[in-house]
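Chain lettering (A, B, C and D) follows the sequence in which the chains are written, and residue indices restart at 1 in each chain.
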């Protein structure tokens, strides 16, 4: 392997880190240099993550030893098919959101854009680090970098943001400390912190009480981080009152990275057999997830604010993926991982659209979105595509992941879950048609006497619109090529024992 | 039973501290008290990690008897305390400081906005 | 509501105590934690990193990336306080 | 705003004390290899000496000596030193933070010393800048 083939995994994380250190300095010196610097940093990361994903496809998992020490003693980056898929997802969505955040930041937070870009890069580095690292404690460090910058970015929002951010700090710290506690419980019994190493040592320790308690605290800690149903109280307030570019970065990625950590622990650190026979984890998780779907959709129905509705839909989407993971068979897990990718893309597109509407009209109430199809035709077009994909209409990507989830539920011959998935498709349909109907069709009373109101077309600015359109096209393309993604990446993720 | 208690007293201490912090974070009304509870919660885990590394008869993890470059000194594992938890806990302490710093900054903005730090008054003011 | 928090705390406490029963005694030198990875740190520090202080050797060299992340956490805390609290006051101090 | 402290005793004592605290802090940073200590502990002590002066002489007094702009540069510079050393090892061919490759007489020891200095600068600057932010409450 030549020189540059080896070192790309570290480039993903360290380049944006070094640039985030430079940006506050440039802020004092040349203010307008910060945005291009951030763009360069994340595009370098995207470039190197694509190369890494390409090598993983052809040469199998990559191991990169930090500091030159071999794994149990030093820290290593372990990138296999699941990590490669997640890294490409995180970097591409962050780049698109960063491009669209320039205009809305200048409007909403005029004098705070220098620290904003620096924290944006740090949040991205935290997420990319969680997805890339192969060491349990290193994952905790990156988790803290991501959460710390998320707390601060949320706190600069509208009227209730500081209080929502403080609740997020308290709950996020409980989650992170439970994760750290279980790393300590595993360390005291096995003596090592490396995931691959733990995977070798743990199987003959499954009967010790310490490992059982460690696993349960892993699950509780990560459930808080990914806002699974009973522990999701911090999510709606935190994401609704955050500034719009921040929520369009955090919303799609933070929860998905939390689910990635759960999959990594359930299947890569502990054997899948542990969570099926040893502890009734899969049954508990699947029931909690199905309740999460129902509650998420019902609460979303009760919302008037478009952004708040999206946050509750996200709680339902987390329930989807956890249901797929908890059913523990080949189809369900394929559907779950595919749904991580699809849902991140759909949620990013929807939140960017909300950011565009907020930027142009400054309203979020669903019933005030009058004549939006004439005011902002492209944005509404993208909204319709994303909405159809959330509902699971074939060409778009949402259909395929739901399809595999239903197949998985049928394999697990648990008909309640099939009913839950189908019903939530219905809920999504009601939720999104309510918005589309308000935006597209004139109200009935306007026709009898009302003249045709001439509405000028003032579309969102280009830098906001292009990422939205790219994502909308991406949703369609992802749907068409989902078969290729499954055969390339997801096929290897599913453990052999399923 | 006594042997069971004496041999593992350090774990009970950290669990007791942790539960105090856990309850304070949830039950307390005042936001500053929640923050103090959060600190107790974090520091009890640090205490737990350090107690993992302890060894009976092990001295501090610095190789003694080093005049010049006496690299020939052979040190046995049982002579010294296990250094790894100490390293991990340096990171956890710094993370705790970072989180407390940000939480204090949040408290200041909340106090500036609502003139109070009692949770129920803030909730009343929000509605 | 407070009773619910009491119950929750007691449940978590009992779960943790349940986990303690299989843990090694305090300070016994043959616990798994001090047999698997750390003996190499203790024995090889002087040869490999020419530094007597093992904690600094593990901190900066064996697990140097952890400390890099840790310094980034401190940097994030500083920039977040900058972001949350500092308003562009009068132009004088820019 | 923390204003000037009236009593003369506190001012003179802190004026005398500060340089020794800073000296001790530099000792702790530099001797991270042989004695307990290192970047973080030394940096915090160094930051504490500035905070001592700020409490005794008021924030504005210390702000002239240590303006916010310089603080931000120090914060970024310290961590940048850390990252830069890592990058140098990476460019010279070894993995990211592998000091064995550094062209210095005692690569690993020197690499670690460079990192301790970088960390010390950052922690000092962070402590003082968080103290400035938290205390300037209008």
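Please note the rule applied: contacts are C-beta pairs under 8 Å (C-beta built on N, C-alpha and C of every residue); 3 or more make two chains touch, one makes a residue touch a chain.
Predicted model, so just to flag it, every value in this text is computed and none were measured.
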Most distant chain from chain B by Cα centroid: A
Contact-richer chain pair [B-C vs B-D]: B-C
Centre-of-Cα separation between chain C and chain B, whole angstrom: 8
Whole-Å separation of chain centres (CA-atom averages), chain A against chain C: 26
Gap in Å, rounded to a whole number, between the CA centres of chain B and chain A: 30
Multi-chain contact residues (two or more partners), chain B: 22, 52, 62, 66, 85, 88, 90-91, 94-95, 98-99, 101-102, 105-106, 108-109
Multi-partner residues of chain C (each touching 2 or more other chains): 16, 20-21, 23, 31, 33-35, 37-38, 41, 50, 52-53, 55, 57, 59, 61, 63-70, 72-77, 79-82, 84-85
Per-residue multi-chain contacts in chain D, two or more chains: 34-36, 72, 75-76, 79, 83, 86, 96-97, 99, 130, 133-134
Parts of chain D lying in touch with chain B, wherever the complex brings them together: 34-36, 40, 130, 133-134, 137
Footprint of chain C on chain A - complex, ascending: 17, 20-21, 24, 28, 66-67, 69, 72-75, 111-112, 115-116, 118-119, 122, 125, 129, 137-138, 141-142, 144-145, 148-149, 151-153, 155-156, 162, 185, 187-193, 201, 208-210, 212-214, 216-217
Chain C to chain B touching residues, read off their complex: 2, 5-6, 8-10, 12-13, 16-17, 20-21, 23, 25-29, 31, 33-35, 37-39, 41-43, 45-47, 50, 52-55, 57-59, 63, 66-67, 69-70, 73-74, 76-77, 80-81, 84-85
Touch list for chain A against partner chain D, complex: 3, 7, 10, 14, 17-18, 21-22, 24-25, 27-28, 64-68
Residue ranges of chain C touching chain A (in the complex, touch as defined): 15-16, 18-24, 31-38, 40-41, 61-66, 68-70, 72-73, 75-77, 79-84, 87-88, 94
